[in-house]
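Once you scroll down, you'll see the structures, which are given as structure tokens.
Each of the next two complexes has subunit A plus one other chain: subunit B in the first, subunit C in the second.
Right after this comes the complex of A and B.
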């Protein structure tokens, strides 16, 4: 049943992308050559893939310390509370979260009022409908996907190894750099895979925070399918986008396998 | 006199290092916690505003926008649709997901391993592309999008959550317990009901909770498969936010945040949610 409702739609999608019209009469690769010939399409794909990298990096910078702190929490209660806070955003409806950010980032939003109140700027800064805004909101929304895998791996690290490192005279920074980070690398990569995939495909956040001016692949697919009613081209866009995301995910998981063998070696 | 001093000096240096690392990481965590909590807190505060704009901080407090929700027929219908879809999606996902995890955990054949990867793939594939694909598929079959198809498509994106938590629970299940049950004369069904299910119950429940929230919150799939009659809440709110930012949206959002919080606390109590996700 799963095969019928997951694989067959995808097969039909690939089929449609190879046809000239929605009725699927003539075969053509025209949709793909059209995509590759137009710099506009290519730049959207590039922007989308890059957006994912930026948001994933922000998640990593905040997510790794969260995992580190909660793995070392003295009491399990603190760990639970911290995790609860981390999961809360991903459980709250994506539309609601994005709406909250509009209130925060808008021209009359809180950030601008604080900045104006402190005389940091003379006029409201544009945050909504900018890439910085999109990256920040994506990072907030997808943080749990980064924290949870890292925490899982980190809490399995044998504490004796850390003690050994300290006993041998290594400082905390050195222990972190030479022991904790290499050992938690598989978790970091798993977190990056999930965060990245979620960020590039986060349609609601991208459209509501990015607005109509910043176009990323999901919006492009949607507007081609529903707005322009060009189903075959939208299908080709979907296939290209899926392949691009899968290629990156695959490359990262190869890296994960490598890092695992490296740790065991 | 220099010998006794040396270890003390070194310990001092290590302490400073430990403190700086701890301080940096705790500061980053504190910042992240603020960053993670702010939106939910602000939505709730804004929803109690007495003014007709989304200005923050609100000039006064009132419940008028919550009262206004009673007249928002369209929003209520969308909320009801969402609950229905999420209910059926959860029911089907839990049944299918548990059955599939039992099959995957019992077998070691490469085909089943491949099925495992396949079931997980909706987690990384762009959901929007899948939503569009299912729309085309439904039309190719000669149907128009309707509620059952919407539920089925939701099941595809929600099953991975159930599968993940249930599989994790199954790997901790001691096979000796199952052998003991069988050797004591219990039928396979009885073993499942009296031994397996109670032991993996919390994993299944956590997965069911995640599936419910994922379905209730889904936009990319519903966008293509829902029409005016089956409009779901997130899509309705999304369109409200895109067209006119009205404060009723804030009230509805406030309700959703509170609803989520209550469900999460319940899930934490009964299924140990944060432990299941580790």
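Right after this comes the complex of A and C.
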């Protein structure tokens, strides 16, 4: 099953990327040299990978405290309410969530209406179709992928360790810094891997919030395949993009292994 | 007492249900089903509420209308080549018809067996399939912000609209048609698009947003993110119907447009039904009904007189429709990939 439904389409993709035309007649590595020789393509790949880093960091900065508060909530009821709020975004479609953000970020949107109402600005601020907008929306849309792994790891930390830290005279912050954060690192890294992979490939959010002027790899692949009908080049783009993301995910998982040995040492 | 099926009964019933869905025609040969492609939005609504009932009444068969954009229809037909195509009737814009015909995805239309075909205005007859409507582009603007309708494409370059101009990416016909018209007005030819790209680069300071696709483009208007932009007649009519502040002005250089047509797919499972479905779309009664709001579908049958919104700004009569400037897609199509790439390079932030 795995071979039939996962590996064979991948093999076709790689095969297509090594041909000059969609009918797969002449073998060539031209699609790859074309990509590597062109700064335009490389800048799109770089922008996309960087976008993922930014969105993942924002996600981590907001997501970690949420996970920490939920894990420490005294009553189970509070914990389940917080958990529900975290999971809520997954229950609606990405398209719906993204459209809601258009209403919030637009020139006539809620944020701009408030800013204008409070005389913070004379002109509506441009948020939609900017990279800042894309990063913010991606961070919100993918938040559950960050919070859930961290929360899982955190709630498995033995509470005695925290008590021991306090009994030995460490304050709340010191306990958080020296005990909770190192022990929750595997969850943080798992969350980062999931969020990163989801952010760089989020075609819907990137195109709806970013518009056509911010070109990231998914839109680039789409316009080569559907718009320009250049399937082999689109396939080559997909393969390169996949390898780049895999490399980053692999680096992150190496970090996870390191952090585990560090904690246990 | 409620009896609950045990696991074995449930399995048997489930399997029977699964098997029956594999045999859709076992129920009776008389209920044949045609699969026809349609576009999202207004087109889908017009086809479902007007074309489908007329077709069912005429043929006694039923049809599944599958919402797929023109470019996606081509890719799906290419993917299914040699096997059973995923739909029987293709619904395409002029440029894609050439692609589909060149790749052998559609068959020549048997006009002799199509009673309504001869009534089509001459410019809407085509050997690959009848043109059932046309799309016309002009300058879309927000009447709340812009009081006098702009009468020239140059208005987009006016410094007073800094940050207020919208554009759409070149993966839509609208984007390509706009680019081609600007190129013509700025002195370019089909072989030389430099004048258009030079003009576009000069336009960029005014451009507030570029929609990645037509759905995102409509949102720009709904959210009043832009005040002025190239747009087409039917999209404007649809948005106006939803109380979005948008009007279409046809510049003095004249309207530009392309045709939308229906085709029998090569290797179609139901070619006769496909013919009957397409001919139903040519029926004067169907076209007259589609011309009424909220659809405002421009008719192509000579027996349907123009009326309503179309006559106010674009065409008073059939002669005007024939005079709408078209684009030489045969020359432009091979350049499409290059144009998209150049456009993306020039606009990238």
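Going forward, the second predicted complex is superposed on the first by the 264 of 265 C-alpha atoms of A that agree within 3 Å, B and C clash if a C-alpha of one lies under 4 Å from a C-alpha of the other, contacts with A are read in each partner's own complex, and residues count from 1 in each chain.
By definition in this document, contacts are C-beta pairs under 8 Å (C-beta built on N, C-alpha and C of every residue); 3 or more make two chains touch, one makes a residue touch a chain.
Not measured: the values here are computed from a predicted model.
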### Query
Fit or clash for subunit B plus subunit C once both are placed on subunit A?
clash
### Task
Once the structures are superposed on A, label A:185 by its partner contacts, choosing first (subunit B), second (subunit C), both or neither.
neither
### Task
Considering only touches as defined above, state whether A:83 meets subunit B (first), subunit C (second), both or neither.
first
### Message
For the three-chain arrangement built by superposition, which of subunit B and subunit C touches the greater number of subunit A residues?
### Response
B
### Query
Is A:99 touching the first partner subunit B, the second partner subunit C, both, or neither of them?
both
### Query
Touch check for A:12: first (subunit B), second (subunit C), both, or neither?
first
### Message
With both complexes overlaid on chain A, does A:109 touch subunit B (first), subunit C (second), both or neither?
### Response
both
#### Entry: Partner chain in contact with A:201 - subunit B first, subunit C second, else both or neither
first
### Query
For A:150, is the partner it touches subunit B (first), subunit C (second), both, or none of the two (neither)?
neither
### Task
Figure out whether A:129 sits in contact with subunit B (first) or subunit C (second), or with both, or with neither.
second
### Query
Touch check for A:40: first (subunit B), second (subunit C), both, or neither?
second
### Task
Return the residues of subunit A at which the contacts from subunit B and from subunit C coincide.
99, 102-103, 106, 108-109, 207-208, 222, 225
### Query
Along subunit A, where are the residues that touch subunit B in the complex?
1-2, 5-10, 12-13, 16, 61-63, 65-66, 68-70, 79-80, 82-89, 91-104, 106, 108-110, 113, 140, 143, 148, 151-152, 155, 166, 169, 171-173, 176, 193-194, 197, 200-201, 203-204, 207-208, 217-218, 221-222, 225, 231, 234-235, 238-239, 241-242, 245-246, 249
### Summary
subunit B contacts subunit A in the complex at 10, 13-14, 17-18, 20-22, 24-26, 28-29, 31-33, 35-40, 42-43, 46, 54-56, 96, 100, 118-119, 121-130, 132-137, 140, 152-153, 155-156, 159, 213, 216-217, 219-220, 223-224, 233-234, 237-238, 241-242, 245, 249-250, 253, 256-257, 260-261, 263-264, 268, 273-275, 277-278
### Query
Across the complex, what residues on subunit A touch subunit C?
22, 40, 43-44, 99, 102-103, 106-109, 126, 128-129, 131, 207-208, 210-215, 219-220, 222-230
### Message
Can you tell me which positions in subunit C touch subunit A when the two form their complex?
### Response
71-72, 74-75, 78, 99, 163, 167-171, 207-213, 216, 219, 223-225, 336-337, 340-341, 344-345, 347-349
